[in-house]
Every structure is written in structure tokens, then in C-alpha cells.
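Quick heads-up: structures coming right below.
Here come two complexes built around subunit A, the first alongside subunit B, the second alongside subunit C.
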Partner chain A sequence: MDAEREFLDFAAALFGVDAAAVSLATAYGSIPEWDSVMQLRLVMEFEARYGVAVALEEVAEMTTLGKFFAKLGKGGT
Partner chain B sequence: MKILDIGGVAVEGVYACVPAHEVDVVASLRPLVGDKAEGVVEATGIRFRRVAEAGTGAFDLCAAAAERLLPACAAKLGTSLGEYAQTFGAVVFVSFTERTRMPSAAARAQARLGLPKDVLALDLSLACSGWVSGLHLAALLARETGCRVLLLDGDVQSTRIGEGDSSTLPLLADGGTAAVVSPSRDAAPWRFAFLGDGEKGGVLRLDEGGTIAMDGFGVFKFVASEVSAFLKEFISAASESAFDAFVPHQANIYMVRQLAKSLGIAPERLWTSGERLGNLASASVPATIAACAPAALRAGRSLRLLASGFGGGLSASAALLSLGPGTCVEIFDYGR
Partner chain C sequence: MKVAILSNVTTSVLAGMLRGEAEVWSPPGHGAWMETALSVPDDLVAFSPERIYILLDRRFAAVSADPAEAVAALARRFPGAAVIVPDLAAMAAEIGDGFYDERMWKLARMPWSLVGLREIAKSIAPLKKVLALDFDGVLWHGAAGEGEVETCVGFQREVAALARRGVVLAALSKNNIADVEAAFEKSGSTLSLEDFAAVRVDWQPKPENLVAVAEELNLGLDSFVFVDDSPAERAEMRARLPGVCVPPFPPRLDGYFPSAETATPEDAVRAAGYRAESERRRFAAGRSLDDYLESLEIHTDIHLVRADEAARVAQLSQRANQFNVCTNRYSESEAAAFVGEEGGFTATMSAGDRFGELGLVAFVRVRGGEIVDWVMSCRAMNRRLEFALEEFVEAEAKRRGIRRLVAAWRCTARNEPVRELFDRFGFTLVSENRDERRYERILG
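And then the complex of A and B:
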């Protein structure tokens, strides 16, 4: 499994949606499951899973899955 | 940033009164979000909320706090409650949920607590940043009048949560507080600063029906960008060693931990109470002081606190204030 697919599967599982329903272009608010509380959960789970720290100022800017994936240094938009 | 310094005032006491009824957030949220409830609580850090019984309002909780605080302060000074009550020159009441607007809650407090008829009694309609704003006004009034000022701050938010609103239900709770600010020649000066961005007021508001409407992400963005920068500037204008503890509004625990981290404040200097009380709006700052200060004051030394409220307005406030070793502090359950 490539890194992007693995990351998207992680996000989809957290959102509780089918893996096919998300992509790196999926944005905050574009699906009902990604609300403000889910944003905090996503950051917390992301930090724990990948060992990456997200600063407070960054949390509000991480509005697409691509931006999260980019934090891993593996591309994304 | 306007830095506002004020000297010659002290806090004699801070008491908090919270409803005895403790709501388990996971259990209350499960009918709305199912199995995601536990994840929501992990994300907010708020596991329990104190919720008032029907008929109990913000004034009731604040008055209960004051009815226990004033005798404690009088006893500490070795004076009678009646004599102590006559030393007050003003009452300030902060709330955005108090049901009865006229007569004002401050006027009702004057009567209920036996304060002099010549006090200045006024209500302030403020949300999350309100206690620090009220503290600034109380300090000014104490210095101006040479008399004690009673600062009441409380809200009952649970009755204003929209049906099925899974964004506010896991956070908002109820509580009331009372603080006494007094003239004190020898006290260390306090410092204040304020921030307002009324253009973003719609992010957190009472709708026409009196229900709280919150764009959680909008609030988070405000805290992450503007409040964080505001507090960094406020702290840098003082010095890193200028305070013993950071007492933020308990918006949600994850957010305040992140905020403290971004400000370079070590976890042991961050005071929280929201995990077991919930977000009490502006009363969360004095309630956290009432919950956390007793242990620190037991060491018998003064405490310098950085207090900050942020949210509705949108607005933010910051204060550096001191608590002397003899400050009366307590948190208790309503009706007990």
C-alpha cells in the first residue's frame, strides 16, 4: 500500500466514511463528518500516528487532507 | 496594544458555585453522534459538565457564591458580616444569559447581600472574555471610590444549547462566581490588555431565539491566530518570569493546552478545571482560580497569575494579577 493510500484510509476510518469517499482534495466542511471537533480529532490522531507535531497556528490552516499529507513530506496539496 | 496598568488594588477572595448535577458528556452525546461520542470527548478534553436544574439562573449561582464569600472575607478580617457589607462601593455583574434584565442582577445582589444603597450597581453583557473585563472595571471602581467592589460573573448556558447541536452540547456548562476587589496601597500593580474584532461577531452569538450558535472552527481560528499573537505580545511586554500560572478560559482543554504550548508555557503552569466542570463561559477563569489556587496558596506565598478570556465578540482579554497568601478561594456545589 502506498503512503498516500495508507493516509487516506486512516482519515476515512477516522471520519467513519468509505475510503473511496476521500482524497487529498477533501476539505474541511466538504463532508458532514469533518466538522470543527473532527478537525481537533484529526490533528490529535495524526500527531499520534505519524509522530508529527502540528502547531496551534497550523491547526486552523490544515483545511484539506492534502495539507495534512504534505506535513509528512510526501507531497500533497 | 494598549497596556493598562493599575495599582493599589487587591483580590480578597474568589469563590465559585457550580451546579451539583454532573453530566457525563459521552453518555449525553451518544444519542446524537453514536459511537463517535468518545472521540469527541478525547478531542475536547471535557469529560463532565455541570448543569443547573430548571429554574436556577446565573444570578442564583453568583449570589450563592457571594453569600459564602463575604462571610469568609469578613471572618478573615475579624469583622462582622454586617460591618463588612457596608464597605462596598460597587457591584458589577457579568453574564450573557441572565434571564431577568430589569431589575438588574447587580441591583438584586445589592439587596440580597445587604450592601449599601449608595453602591454603583451595573450589569455587563459579556461572554468568554468578560471576567477579566469586569475585573478591570472593578479595579478602577475600587481605586476611584476607595471602597470594595463585588464582581459577580456567571452563566447558565445549558438552557441555550440548540436541540441536536453536537458542537455546543459537549462543551457548554453552568456556573457562578463572586470576587471581592479592594483598595490596597501595598499591592503589586495589575496589568490589562483587550482585543476586539466585532466584524467576526457572527462566529459565536445568541440567535434571535436565545440559542447559542457557534462556528467552532471560526472560534478556533480566532484563538490560533489573533488570541495567540495577542497573548504573546502581552507576555513579552511583561517578562517570562512574571507569572506563576496561566489561567485561560476553559474553551476546550485541547485548545488551551495547545495555546499554552504556543506561548511557551510549561504544562505545570497551566491551570485547568474544564475537564470536570465544562466550559463555564467567562466564569471559567475565576472558577479555575477557585479550583486550583487553594493548593498553590497553601505554600503561604503570593501568586502572580496570567488570566485570559477569549471568545464571543469576538474578543479577548488578558490580565496579570496577584493573589496574596490570605486570599479566600473555594469552589463548592450549589445547594450544599
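And then the complex of A and C:
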């Protein structure tokens, strides 16, 4: 849970929303802060922070925070 | 600060990163930079930018027109604004391959990596206050103490002009101090060691020295531009202090600091003020705060805002982040309307001490019995000057028949130092949540 909470805090800070406002189920477009511009930034900030790569073809499929978290190999949805 | 960004590529991600440091206008879509410059849209006119950046990146895209034409058109249309065309190719060469991200280009016509975006963002905002300079190879050709040096006349003149506009100079050079003093004696030298508010001429790592200088001047690392001719020194600074702006060498210094058009008289005295601050700190060693403040012989001039102070009031509202309870940012024309404003008043405070004048360092705006702004320069902090201003504000409010003064502190990323300002004044806290603390004071 600690890793999940840490990841969600990272995403919330990036979106500029309260940590309680995001979960692994939060989806692209489900909150106004996560738009197409933020998607690019989220991919890049995520890669830089966790040292994992998101391939070009994958970017459009990364549609929930759970899918990002799953790439860390620590579970997720 | 209001920034407009025109570009031949997508800048929306960059604009998102700049929010919080600047208000950003960027056109929808991308690529229409020349069209925007030649036929300025109404919303850009209404936005009234203070700085206009034209970001032209040739890595994946072509630049089909001459930027000089766009610069000239924008300078005519916005005479008070600075128009800046950063040298992105030089920046990319400095950072290396990591500057770009081809995936992002394919996805969104946005060429830069996160590293590149951060590098560009910090060159745009916030505006910088301090120029930290290496000496050998920068202010003169050759190395001081190792044979003859030759003054870099043009660069020294440029730096001296910035200093006159209020840019604070700091020395970060690995030399012996006597050799440096001799080098400044050379013909053509327009700078001297006395022009530097902070001097670190020694053999310590430069990032450590820069941190010490930032503490000494009470300024954040994001206020600094670091210039060094050594790629290794630049790389070390960038790696260890990512907040510091490190331009490629030779640098183009025009884009980082407040432009000549927006400089105010306070800018001109600021560098002298920071130099005096170093003396004050040496003077303070071994004294109690009360003794120290008394011995400084502080004097203040507090009065209702005058028309000739509007530019400085606007500038203070734009720049002060720490001592700013509600963080409203005002343009000069908005601040000019505070003079003799109906239904309220604005008070300003200028201050000085035995070491020098600080200029106009604070203003308070009251509207309808509410303190809507309490803003003070970080140069005036920690001297209890705010109490003198508070006395004036209360007296003026009473004189105007105000029986109840209300006030608020609104949380930002930077204004924690004044979270309890109104508690210190003896106001009563009436409500509080994470983002806001509200107060009142009944005037007897």
C-alpha cells in the first residue's frame, strides 16, 4: 500500500489536486486536470521518477492510474 | 508575470509547467507563430504580456520565416514588453541528446523531453535576480595569476548595465583573491570586486558556494543564473542544483532578468542594498536581535500611495512570494488606480538604515474594511518593519471610521513565512482551513 500511496501522491501533486481525489481507478479525462496535455507530462514525469519506459504505442493505452502503477510491477488493476 | 509563448511546435505542456510561476498565454494548436505576430489576436492584446517568447525549434520542424520580422512586429504592437527568441539549438547542444523526445514529437508535435522542457521552463520563469559569475575566461581572457589577462570589455559592459538595472552580482570563482583584484585593475575593466554583493573566490565546489550565497542574500536558488566557461562546472551545477538556471556559454543574458522597460528606481538601488546586506550580517554577529535592530538605525517613511509609486507597487505585487498574504498580482495600471481609490486606501512603506536605502519595500491595500493585500519585499523581512506599517494602517482605518478590520492569509507554495502574520499583530483568528486563515480586529 505504501508504494501505491506514494504513486498516487505523485500523480495528485502533478495534477494539482488533493491526494484524496485520485485512486488507481482514476481515468484519463475523468478529472479535468488529466487532459491530453497532462497525459504527455504524466508519461514523462512517471518515466523520470520511476526509471521505467513507456513505448510510443503504449502512451494512448495508459488510460488509468492503475495502468501506470501496474508498470511498476507492484500490482495494480 | 504575464508571458506569451509563440512557437513552431506545440507548447501546451511547457505552458502547463510554467503555471504557478507565470500567467501564460499560448495560441491554440501550434506553428502559427508568424501569423500570430503579424496579426495579433484580440485575446493576446487583452492579456497584455510583459514578456513574449518565440520558441523556434528546428530539430523536427522547419522554420519557414525570419523571426526578426516577428520580433519587430511584436515590439511595435507591445512597446512595454520584452520580446525574446531563445537559442534553443545552443541549449540542446549544451544538454545533449536528452533534450529531445521523438515519441512526443510523433504524438503531439512537441519535440522536447522532460529534461528539455525543464531547461526551457526555468529559462523563462521565474525572472532571475542574481547573476553568479565565474571570472577566468568570462570577465577576462586567460587566468588571473597565470600570466597576462585581457579584459572581455563587451561582456563586462553588458554585466555592468544589468547591475545598474538592479541585477545582483555574485562572484563564484576559483582563484586567489589578490590575483582577481589585480585582474580588475586592467585597462578596459568596467567592473570591480565592489560591484559584487557576494564574493566567493576560493577553491570550494561552486554549488556549495552558490547555496551559501543564496542564504546570505535571502533569495531562492531559482533566482540565480550561473555563468561559467567551463562545461564541467556548468554540468556540475546543473546536476547538483537543478533549480539554478545554467545557460550555454557564451550566454545571452537579455532574456533572464527584468527588461530595461520595466525596471523601476528600486531596481537601481537593489544591488547596492544587497551589498549592504552582507555588511549588515557581519555587523550583526554576536548581538541580540533587539540590539542589532536598534543599532541599524532603521528609518521608515509610511504614507498613502502616490502616483509615482504605482510601478513599484505593481512590481512588488508581481515579485513578492514569501511575504504576501493573498498573492494578488497587479499590473501598473491596476496599481495606479489605488491612488485615492474610493472605498479604501493603500499605504506604502519605504525604509532604510545606516547602511543604505532599501526603497519602497511594502504596501498594504484596504478595501471596505478588509486588508486585501499585505506585501513586503524579502529584503525588508526580519526587521519588524511590518509592525510600524500595521500601526499606520490601523490609525488610518480608524480615521476613516472603520470599526472592524478583517484580513486573510491564503496559502501558496511560498508564503508560509506570513502564515501567522496577523496573529503577531494581535488579530483574532475567526476561521481556518487548509487554504485560508481569516482574521478580524475590532478597532477600539
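Criterion: the second predicted complex is superposed on the first by the 76 of 77 C-alpha atoms of A that agree within 3 Å, B and C clash if a C-alpha of one lies under 4 Å from a C-alpha of the other, contacts with A are read in each partner's own complex, and residues count from 1 in each chain.
Keep in mind that, in the parts below, contacts are C-beta pairs under 8 Å (C-beta built on N, C-alpha and C of every residue); 3 or more make two chains touch, one makes a residue touch a chain.
Worth saying up front: this structure is predicted, and the values here are computed from it rather than measured.
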Clash or fit, subunit B versus subunit C on superposed subunit A: clash
First (subunit B), second (subunit C), both or neither touched by A:48: second
First (subunit B), second (subunit C), both or neither touched by A:59: both
Superposed model, subunit A: greater residue contact from subunit B or subunit C: B
First (subunit B), second (subunit C), both or neither touched by A:28: first
Subunit B versus subunit C as contact partner of A:20, first or second or both or neither: neither
Clash-bearing segment of subunit B, relative to subunit C, as chosen among 63-71, 189-197, 279-287 or 297-305: 279-287
Intersection of the subunit A residues that touch subunit B with those that touch subunit C: 36-38, 40-41, 44, 55-56, 59
Touch list for subunit B against partner subunit A, complex: 36, 39-40, 42-44, 166-167, 170, 215-217, 219-221, 223-225, 228, 252, 254-255, 258-259, 261-262
Subunit B partner contacts - residues on subunit A that touch it in the complex: 14, 16, 28-29, 35-41, 44, 55-57, 59-60
Contact footprint of subunit A on subunit C as seen in their complex: 12-13, 16-17, 101, 103-104, 106-108, 110, 113-115, 117
Subunit C-touching residues of subunit A, taken from the complex the two chains share: 36-38, 40-41, 44-45, 47-48, 55-56, 59
